[in-house]
Each structure stands twice: as C-alpha cells, then as structure tokens.
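In the two complexes that follow, chain A is the common piece, with chain B as its partner first and chain C second.
Moving on to the complex of A and B:
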C-alpha cells in the first residue's frame, strides 16, 4: 500500500503563513482545545514525576482538619470548573444546600429555605490545602444530623463529608477565565445517595459536572512506585497489592503482601534518578514483583488486572476509592490525584 | 409591557384578518416546542422509542388487548354460556400485556373505571386492579374518576384498600396532582375507616402540601391518635403536619427515624422497576453481573435527572445567592431580566436579547433552538466554556456507559449524538467538545457503533490545521477505511466531502468578513495549505480504495461527488485554490463502464476549466494577490487530463502523450485497432447509446455500422446523447471543443473532427 506523503501544495505560499501561526492571541477555549489536540491519546502521562515531598503550604493547614481527612475511605470524582462560585457566599450555600437536601428527601415536596431542618450543612475552607499559591482554596462540605434535644452534644453526627481541592492544577487554571473556580478533585465519604443529591445541587448551581474517577492499573502501578519511594519514619502497614482474575462464577483475587522495608529495598535497587520516578523505573519495579511471584507460584500476574494498591502512604482501589494514611505525604498523593482528575476532564 | 408594545398588539388585532393571520403563522413558525422544557414530556419522548420496538412483535397482543378492553367496558354478558371462559381469556390478555409492556393511559382509564364500578365480581376487580400498571404515565383524570366510585358504595372494603395501595405505589406516575389535591378533604375523611386508615395515611403523606395543613385537620388527627393509640402511620402524617406548621402541633413526636409505612408497593415492585426503566432508561443493576475487565465503577450514572440533557432552568440559585447584597439598581435590573421559561418565539428573543436570563446548566440549550441562536451570536467565552465542559464530560460518560452495557442501550447514546448533530447543523458550526471527543474516541472506535453519528460528527470538525487533525483523526479513520466494506468507504468519503464543504463555508465567510473576530487567527495561505492537504489526502484515500475495490463504479460515484465540490472552490467559495484529482481517480473514471461516471467526469472537467480560466483572468488583471497565483503545474496537469479526454472521446487519438504501449502487445490482445475504440461512439459506456441511436435511424437494419457515425451524423449523434440527459458531456464538449472557427485557447488542444 502506498505510504501517504503530502504532495506539494498548489498555491505558492509566503514563508510567514505557517500552520503554527494559527493560534495567536487565543482565548481560554482555544488554549483548552489546543491542549486537547496536543495530547496524543496514547501517551497520556509524562514519563517522569516527582517523588512526593512534604509541602510548605501544608504546614499552614490546621492539623486537626488534616487528621480528619486521613484514615477515611474517599470516593473520587473529577469535577469541571465551578461557574460563579464565590468563597464569600459559603454561608448562603449552606442554607440553600440544606434546603435542597431536605426537599429531595421529602420526594419533591416544597420546602421553605431557612426553615429549621434536622440536618445541618456546613461549608468551610481548608486553608493551605494547595500546591501553589495559584491553586484555588480547598473547601469542605459536611452534613450533620442535628440532634433534637438541645442538651445533647450540639454538633451531632456527621452523616456525609465531601471536599473539593486542587493541588498543582496550573494546567487547568490557564485554560479558564475568572468566572470559574477550578477544583478538579472531589472526594466524598458517606452514602452514595447523599453524594448524588449534593452533586446534583452543585451541578445545577455552578454548572459543573461530576464524573467518577476510576484509577486504571497503569496509574495504580505509578502510585505503588511513588508511594514506595516515599521516605517513612516508621511503617504503619504492609505494602499490599491485589490482582483480580476475571473468571466465572466468582472472580478470583490474588493478594500479594510485602514487608514495606523489602519493598523499599527493591525500589532503591531499581531507582536511579534522585527525587524523580520514571516510567522505566515503574515498569521495572512491577516486573520484579511479577517475576518474584512467578518463581514461587508459576502465575503470570501481568496477565491479570491490578485492582488495589496499599502502602503506608495511602491505599487506592481501581474503583476510585482512596484512603490516605500518612500526614506527611498528603499533598503529594493529592497532587497525583489532581493530575488524573484534570486529565479526565480535559 | 410598555405602552408602545400594547399599541402594536392592538393594531395587530384590529388589522384585517389576513394581516393577523400572517403574523400568527410567523409566530408559530418560531414557536419552540414547549415540551422540550418540560421534564415530563422529555421522559415521555424517551419512552417512545423502546415502545416502537415492541410494537411489531406485539401487534397481535395489542389487538387482543383492544378486544379485551372493549369486553370489559361493555360489562358482563349475562346470557352467554361460556361467559367464564371468555372472561378468563380477556383477563389473562390484560394481565399479560400489563406486566410485559404496561397499559396506555386510556386503557387504564377504562379498566380502572370497570374495576371500581363493581360491574364484575370482587375477584375480577381485584385482578384488574392488580394489573393497572402504566406503560409510562397515568392520567390524573382517571384517578379522579376512580375516586368518585369510592363514594357510591359499589366496591367492597378490600377493593378500596387495594385501590389506596395502588395509588401509593403509582403516585409518582400520575401526571398531575392538582385535581387530586382538591379532593384532599375527601381522602382525609376516609381516615375514619379503620381498615383504610393506614393506607389513606400513606397516601396523604405523599399528597399533603403546606396549604392542606389546617387546624381542624390537626385536631382530627390528634383525636384519632387518642382513639387508636400511637399508630406509626398517624405519627408519620402528624410529623409531616408538624414539619409544615410547627405552631399548630405542640405534642412532641418521637424523632428517631423509622419506616412509618408498610411497604405497600411490594405488590407491584417488579412492575414499578420496569416502568421506571421505561421512563428513564436503564437502571444500573445488570452491571453487577458483568464479568471481564470492566474498569468502570458501577455507580449510578445519572443523579436525579431523567434525561441526559438537563432541563431548561433559569439561573435561580446564583441569583438567590447574591440576595443579601442586592442594591436598588440590581433589583431594578433583576426585575427587567427575562425568564427563560417564558421564551417561546424568535421575536421574544429579539426583544429581550439584552436581558435574557441564562440557563443554570448550559447543556440545556441543546434542545432549544432559540437559545442556540442566542449562544451563536453572543461571543461570551464563559458560556462556551460551560457548554464545552458539560458536553465533553457527558459525551465521555455516555460513551463509556454505552460500551460497558455491551451496546444494549445504544439507542440512548445515538439519540444524544443525534441531538448534538442537529444542533451543529442548526448552528452550521461544530462544537469543540465533539472535536475533542472524536480525538479521544476515534482511536478506540470499532467503526460500527453509532457509525452514521460518528461520521457526521467528523464532518462538523471546526476548521483547523490539517497537519494537526491528520494524526489525531484521519490516520485512525484511514485504518478503518482500508479494512472495512465498500459501504463504509463510501460513508467516510461522504463525510469528508461534508467536512470539506463545512470548512469551505467557514473560510469563505471568514475571509469576506474580516471585521469578525475569528476564533482562529488564521492567515489565508495557511488555510489554503490546510484545505489542499485535506483534498490531497482524500485523493490518496480514493486512489487506494479504487484499487482495493476493483474500480467499483459505486465507490467512484462518491469519489467524484467529492471532486465535484473540489473543482468549484475558486468560483463558488471565492477561495484561491484549485486542486486536481489524482490519476488514480481520473483514469478509472475516464475508462469506466458506467455512463453516469463519464458524464460526471465531464462535468467536473468542465468546472475545473471554468475555475482555472477565472483564476487566469483575475491573474491577468492582477486582481489576485501575487502569492496566490497558481503554479503552472496545475495548468499543466489539467491540460494533460484534457488532452487525454479529448484524445479518447473526440479525436480518436488516445494516450498519444505520456503512455506508450508496444503495438505488439496490442496485437496480441486483439485490439490493434484501438485508436477509435474509446471515442464517443465506441467508448464502452456509450456504445449502447450509439446502438440505440443507429436503431432509431433505421430500425430495420440487421447489421449496424458504427463507423457510419461521422460528419453530420456525428453531430446528430451528439444531440441524441445530450437529449438522453448527458448534461455533463454537453457542457464539456461545448466548452472545450470548438467546432467553429474560433481560435483555440492556450491551455488545451481543441480539435475538430
């Protein structure tokens, strides 16, 4: 078959009119599109990333609040930029959202805004939870059940928590105008029905879009490598991988736990560039694990599907659930998740 | 309304009937379907499609159902012997259809009436009531009519109970509730019936609005509670009352949440699921059964919305948010803003275009042509960005969902794509989100799913640099192109033709309106390069496709259709570009066995000539900018093709230049006398015309002498061909071959026979 090479162009063109000059003074939408075009669909990820470091900004975060975010199972969503969201209206939003939730739960019966409900919605910012100064301020939404008896503990039980954040989201920020607030990563903990109601309210109010953020095996391997590379003072949990073999009637899961120090030793042996993780290193790291497993059990793990990775830093499931364990690397973990979320919405 | 407008309106009313009529039609032409802004009708619309599928298979069942409904409507026939048998048969029919597809509102209306009127026995009524499953919705009137039967005392207690349970279960499917709510007092009175009380409570719990809560009702409820004890159903109703009017109820109620009502819908559980599915598409349940590498989390795909495209809603939330800071001027401007829900016609849009309230979710404009007009002329970046994000994400998610479900729910995705394509062709402009979606999904596309939609989306890719589009899109499309059937090849060529046309329109608009702030800061030279590269690419595809498909005439039609657009770029779109077809297209077309192909080729050559002459003329008058003069190569190429064509068809000296064939080979092949075998008489696609022409001349002739067509007869033959509809040939010969003494033009060699 002939190979295609473009024949000479008919009109004689002046040297200045090159296709590269197409995008001069591009609007945000053009920039957005340009970035989409440049993404070759199969080379999705940069070949190298930084090993998570403890962030300076994170120091400002109230340690109690950070502790509140750790050790919880979060379901991940990507979120397109919020239109006309304002940090000065958080109180107002609490009021509207609680009315909306009550109305939804009453199956569409009309509810007056401002009436007393047995739930309470609190919006609060997570100051300092950002990668750079340019990142939008993260914020937290909590739904509390209000206790009817006033003498009881006033705060009530937390029914649902969700938070919005953006860690090193510069690439997204560049492509939107001021009317938008970029918080591409959304994490929820609580009943899915609540997430649905709250998500709907956000979608209706700020014209944004939530999509579940699944983590594919490729990115899970990256997480495994990056998190193993993190320096830890003491390890809290074993490094564990879970592979799934799709078969009938019940799928077969293979769990593979390694002592965290062994995992670190393996990583150190494949790791070359200081401070960075490269694609080759990730592949090599996983290959070592595979061949070790094959030697013992004669099973090619590379033929199965990696579904979960847990380390002392964090654990992640392919379904898009994550649990962050280590306070020190919180920002680092979130930065990678933000990157995945931004990729999904681009 | 301003006084001025009022005057206008009254004038319109007072004017002659003819005048007001014309105004009316004008308005109605622009009237947006109200349905689109109404969620219920959207869901109704959505249901139609699955129903159609069933229709064919169930035609017979439908007929039987009609008979059965008729039977029940008439009432029991006393005299008939095998009454029970017929009754049973009809009852079974109704049950079958109801549980399978649900019943239409009219059928429910009739049968509900029958069941509660007590025409038949209790057992029959019970069975009928149990199968009152709507296909989609239940009309409010039917319910009101049914309730009226409750007062006459024709039906037993158990039927009444069943009826209330049914009402509770089907509550969400009743299309309106205003009339029913007017009967609130009646329902409330039924609480006194001990057997009915729990079910009526549940029903009232669903029905109660704030204005229904009255002191006397509260008193009555409290009395009932005192009489019957702490019944959970009464408590539930009371707590609802307390919620609406806390001042009226001072007794404290237990706060702990529990199920107040027995699950009275369990009778219809399966049916309800089916109705919901019909009403809002698939439920996510079947996903769990999936095996294999499904990387997708089985989450509820849609939160609370019935259709993919959001319902049109004014921006009420954000407005409310700013309420506190509203100053007087804000207030005034706010009252001046025009709510979207009222926007019905184009004149309205024009009058209010400065103060239109935008929808809270930009995606809702897709279904509203008036708003599409609006976003088309408003160059507000944030509007476009909102639409961009919504559309990108929705496309991505719907597409993924569609694949996860093994293409079972393809219709919904295809419908969504159709809506987008409709909007794109309405705007005559592609959406950037669709372009991005194509770039992401075409590499993974199997070439089958939603083929026509995908290819239509391709043709709406906004104009951009070809070298960027090629690796992202066309290279992937080419792989499918080469490995797929001829029909796929034709559809790809067709959509590339549309793409070219859209690009041409876009560029010609852009060039002739330099004031317009074009989104792409293009230079004319760059644009022309892109265009010519696209055309060359299609030429390359066509050449290979012709070889793969054995010079199929069918394929050639689509290729020549493309070149029919190409040859007229200079004149039709006023763009300085002429690109000729490759030899791989030209020669198969010239030697085709199909007359229409030859005719089309002649037409295209004629148009090329017109375009090139126009270009030359402009060049000589130095109208054109110097960098856009065509290279002499284009003229040479054209002349080369022209000589070949004239040589074949007219002068019987085919391929004198360029191709040399050894006479020995020709002799071996038995075509030593080949020279005239491709002229207008002997050309394989025209031979049959020549025969008919000769037979027309002398019908009795046994042996036809083809070479007798010469001189005057040749001219008659030509007229005969033209009269047979070969307009392309006519134009070609008229413009290229000068049979008079007019001196030939430089670019070609016209000859007279």
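Moving on to the complex of A and C:
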C-alpha cells in the first residue's frame, strides 16, 4: 500500500502508473493536496517559503543582458517536459520554426493585406537564469522582422518574445528520464496569434503541452507578502491591490494602494521568522490590510476577489500576467512562478 | 461667425443621416419651429446643410454637446473666495467679457462662445489654438459654470497644459480667489451636479420613508423554524433600513469613479503600535454605476454601507461647500 512517511521523491511502480504518482512530496502544499486525493491522514504543516535573496547564481547574470526582461508584461504558461530537445540544435530550430510560421501565416487563416512575412526567428540561451546548477538552461525565442534594407546588417524589430526557464525545479527534474528537458515556466510577450503558432510548433516537435497559468487569490496574497518582504534600496511604486466585486448589476473595482514604506513597516511588524515567510504571516498581513480598509469603509474585502497585486519588485494579475520591475529579485519571482507551473503540470 | 466654426457645424450636420435630420435638429433645440419650417429638407443634402448653417449664424454650436453630454467625461472644479472678500452680485455680461479677455490675452488663437441656460448656468465652449496655429474646433473644452455656486464642470481635456489657464480665467472672471479640482469625475453631468449640490439625499435626519419597512415584502420561506425567521428578519430589516437611510429611495446619481486619500494610524492589536506615522493609502472605487454597485452589496450582507459622501453636517454655511473626500473615521456603531 502506499505509505506516506517517505517524503523522498522516487518514482513508484503503482498499478495505475499515472504521472501524478511520480510527483509526490514536491512542496508542502502539493503534499497536502496529494494526501487529500489519496485520502490518507496527513499532519498539516504550514507552507514556508524563503524570502527571495540575491542568490549566488544571480550575481553571474549580466544585468544588461536581462534588462529587456524587466518592465514588460509577460503572459504565463506551464509547459510539460520537452522530449529530445537539444541545446546544440538551436540554429536548426530557428530555421524550422521560421518556415513553420511563414507557412501558417500563408494558410490564409487571417488574410491581412500587407502582412509582413519577412521574419526571422532566433533561438538563444539565457545564461545564469537558473536556481541551482541542476536546472536546465533557460532559452529565448524571438521573432524579428527582417530588415527591409538588405545592405544593413542591423537586427529588425522584435515582434514577439518567449522564454522558457526552470528555477529550482528539482522536484520535476528528479522524476523524468534523460530524454526530457524540464523547463516548466514559459513567458510570452507579443501578439497572441504568434504565441499560438509557436506553441503549436513546440507541441508538435517536442511532444509537450502548454497550459495557461492562472494565479489564484491565495498565491497573489503570497506574492504580495513576499515581495513586500524584499529589501529595497528605494521604491519605485506603491504597493497596490485590486479587487473585483461581483455585485449585480454592475461590477465594482476597488484599488487599494499603500505607500511602499508603510507596507514594509506593516510587514516588518508582522514578520517573525527571519529569512522565511510563513502562511500565518501572509494571512496576518492581509488581515491587517483588510481590517484597515474595513474600519473606514465597512466593506469586507476578504469576501471579494483579489485580482491583481503590484509592488516595486513585480506585479501579477490573476489571468496569468506578470511584470518584473526589479532585477535584483528576478530569480526569486521566477522561482515562485516555476513552483506554480510545476504544480499545474502535475 | 468664425469660418472654422461654420465649417465645423457643416461637418457635424453632414454626418447626420437625412432620415433622422428633423428628429435630431428638434432635439438640439437651438433652432425654433419656425426656422426649421423654412428649411426644405427635400433638397440635396448639401443645400440643406448650407441653409442650416446660415440659420445657425447667431448661435454657437453648443447644443450638440448639451445633448451628447454623456459622451464626455466631466471634472469638477471648486472655487473659493479669499478671507474677508465680499460676495459681489454676479454680472453675467461682465463675467463673459472678463473670461474671454483672460484667455485671449494669454493665447492669441482661441475661440470662446457662450450659451446661457435657465438654471443660472452658462455653457462655455473653448477651442484652443496656439501662437501659431488656429483653434482646433474638433477638440474643444466645455465648461458649465453655475453662477450662484462656486462650482464649474469641465469636460475632460487631453490638453492638460490649458487647464491652469482655464482655471485662472474662471477664477478671475467670477471674482474668486482660488480654484481646486475635486476628486470627482463622471460621464454623467447631472449626477455630478446632484452630488455636488447636495440634492442627493444621504442625510438620515431629513429622510422620511414614505412606506413603513414592514410593508415591504422580504420574501422569506414560511415553513422555516419560526425562531430562525425572526432572526433573519431582524437582520434583513436592519440592513434594509441602513441602506435606506444612506441611499434613499431615489435612483442613484450615476457616479463612475471615487477616490479617497487616507492618512490614518493603523489600529489593530499590537501591530505597528510604536509607529507614529499614519498609513498613507489611496483607495479608488470604479464601476459603470458606482453607487448602485455599492448599494447592491448591502442585502448580500457584505457591507454595511458607508456614508461615502459625508458632509459631517456642517455644510451649506458660508464657504463650507466642502466635500469630505478625506474620509473621516467612522465611530463604532453601538447598535450593532
């Protein structure tokens, strides 16, 4: 019978051999849900997460190189492991994907006069975008419009960008064979039509599956708390929350912005465990904000739907959109998102 | 009439389909029945338009805006007199000429036209130009100034640089000392007026419901335990009463956006107890129909309606038309 005292991740030969069974014990949250699914008793330990710090690996990341990743809105997807993907074949992938995109666009599905088919696709690796050495190397795909003047060697305009990464994806890595490359987090910026075409090519070529990554209110609260906990030299933006109230007949949006220094002071007052963020602290932080609001407006925000959080570190929307504002905590933000992506894959 | 203004009227009228021409012209209400009768609508459209433009000669093209006011976003400005200044008798002619002078002195190219309405208000249309360019008739700013009040409503303008000048012109022409922009904005001018002029009933001392609460059906199930019914009924009654007191029976003014700045100390147990500084918060409510949305929250039990536009009782006296958008702390309600 399945016993539950071994939190180690080992692929089990169970009768059903469903993929879910391979991912036991990844994070405490997953452990909890897994136990519910199996209906085994499980002692509830509150999840903890490390406050994002400037990791060693991140020191190696060239800020100039990754500057283009900041201040851009990315749409998030989770991605199952890629089968037989090779980092040595990037040039070939560029060529194949280019041809595929042009073919798809010429299919006449969207007949747009003057559509520019002079595009170029570039695959490149993003060095240093990982949590541990075991993480697969992140890579970037860009669609550029070819320069109209052939004599100029300049790169054309970037039409679409997508990147694949894995930050602290140990739980996933340990459960797949060597033929697979694990890059569970995919971020896209650009026209939705391009994202769809590229997604189709990847799915066909590497037998993988993309799935939009929504972020629920629970995780948004965690992000708000964690990013408020990050130490910043100076703040660029207020800490802001957006709630959507489903009242009829009209919708109502409530935006609650708090000065970042005050948000930090509130967090510091709530925070007890050094270096870590616990569930109780997140709950208490949010409760403080709710009660302050309630005191003035007599509206229970906890009964409404948290839709967006925004801090000087990053901002996230429940539809699965993110904008990272601070280079220092880039890895930290991606680590959380990777965790959500892995959870969705399972 | 200015050439560009004539052109503007012509183009506006040309956009109207012939089938709707008479209906719309009647709605605009700036040409009398007699005048409309002189126009032969069976002519070619260009001729009709030409004839109409000639008839418009003495009028400024404000009426279309008055009818289509919902398509514009309106801001509210409040003016105040200096300490010890007397309240002069308002002279409309002097106001108009002074207003025009201020703008024309600052900007060589500007078109200003006025239209009086019954409610002691004047509609002003301003087309902005610069030292070198003619006024742009297609992006005018509209101002509605109620001479008996310190309030002026302006249509939201993308040309932000002209707003200070506009404020200056209003202040000088109406013989005020200062002008501030209020934190109210809406597409519905009438709603803004209702709120700002306190026609909007939200004072429970003055409110008297015409039908007693018990007569309103609460729609409860009959075969529930009698004690439970009683408890729910009390609570529902209470919620309905509070809603009633706050919002009244009348349809709500159509407000779309409200914003509050809070600078209050945080009070919750021991958290932030030592901190002297208050929490600086900015709260924004937005909705296609804000007050209705808030009102509908009450029966669901999700909110006890706050007195959003609290006047703290001391209004309508002297210069205190002030609208407290800095939300005061609500005292704890002993009834609940």
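Assume the second predicted complex is superposed on the first by the 284 of 346 C-alpha atoms of A that agree within 3 Å, B and C clash if a C-alpha of one lies under 4 Å from a C-alpha of the other, contacts with A are read in each partner's own complex, and residues count from 1 in each chain.
The criterion applied here is as follows: a contact is a pair of C-beta atoms (placed from the backbone, for glycine too) under 8 Å apart; a residue touches a chain by one contact, two chains touch by 3 or more.
Just so it is clear, the structure is predicted and the values come from calculations on it, not from any experiment.
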Could you look at A:192 and tell me whether it touches chain B, chain C, both or neither (first, second, both, neither)?
first
I'd like to know which partner A:96 touches here: chain B for first, chain C for second, both or neither.
first
In the overlay, answer first, second, both or neither for which of chain B and chain C A:299 touches.
second
So, does A:200 touch the first partner chain B, the second partner chain C, both, or neither?
first
With both structures fitted on chain A, tell me whether chain B or chain C touches more of chain A's residues.
B
Touching partner for A:234 - first (chain B), second (chain C), both, neither
neither
Who does A:253 touch here: chain B (first), chain C (second), both, or neither?
second
Looking at chain A, which of its residues have contacts with both chain B and chain C?
247-248, 251
Chain A touches which residues of chain B in the complex?
206, 208-210, 246, 255, 291-293, 295-297, 299-300, 303-305, 310, 313, 317-318, 320-324, 360-362, 381-382, 384-386, 388-390, 392-394, 396-397, 432, 435-436, 439-440, 443, 464-468, 471-472, 478, 482, 519-526, 528-530, 532-533, 536-537, 540, 543-544, 576-579, 627-631, 633-634
Contacting residues of chain A [partner chain B, same complex]:
1-2, 4, 6-14, 16-19, 21-30, 32-33, 36-37, 39-42, 80-81, 83-84, 86, 89, 92-93, 96, 104, 107, 109-110, 113, 116, 118, 148, 176-177, 179-180, 192, 196-197, 199-200, 203-212, 214, 216, 246-248, 251, 305, 318-320, 344-346
Using the touch definition from the top, list the residues of chain C that touch chain A in their complex.
260, 262, 264, 266-268, 271-272, 275, 277, 279-290, 292-294, 296-297, 300, 302-306, 327, 329-330
Contacts from chain A onto chain C in the complex sit at residues 238, 245, 247-259, 262, 265-266, 269-270, 284, 288, 291-293, 295-300, 303-304
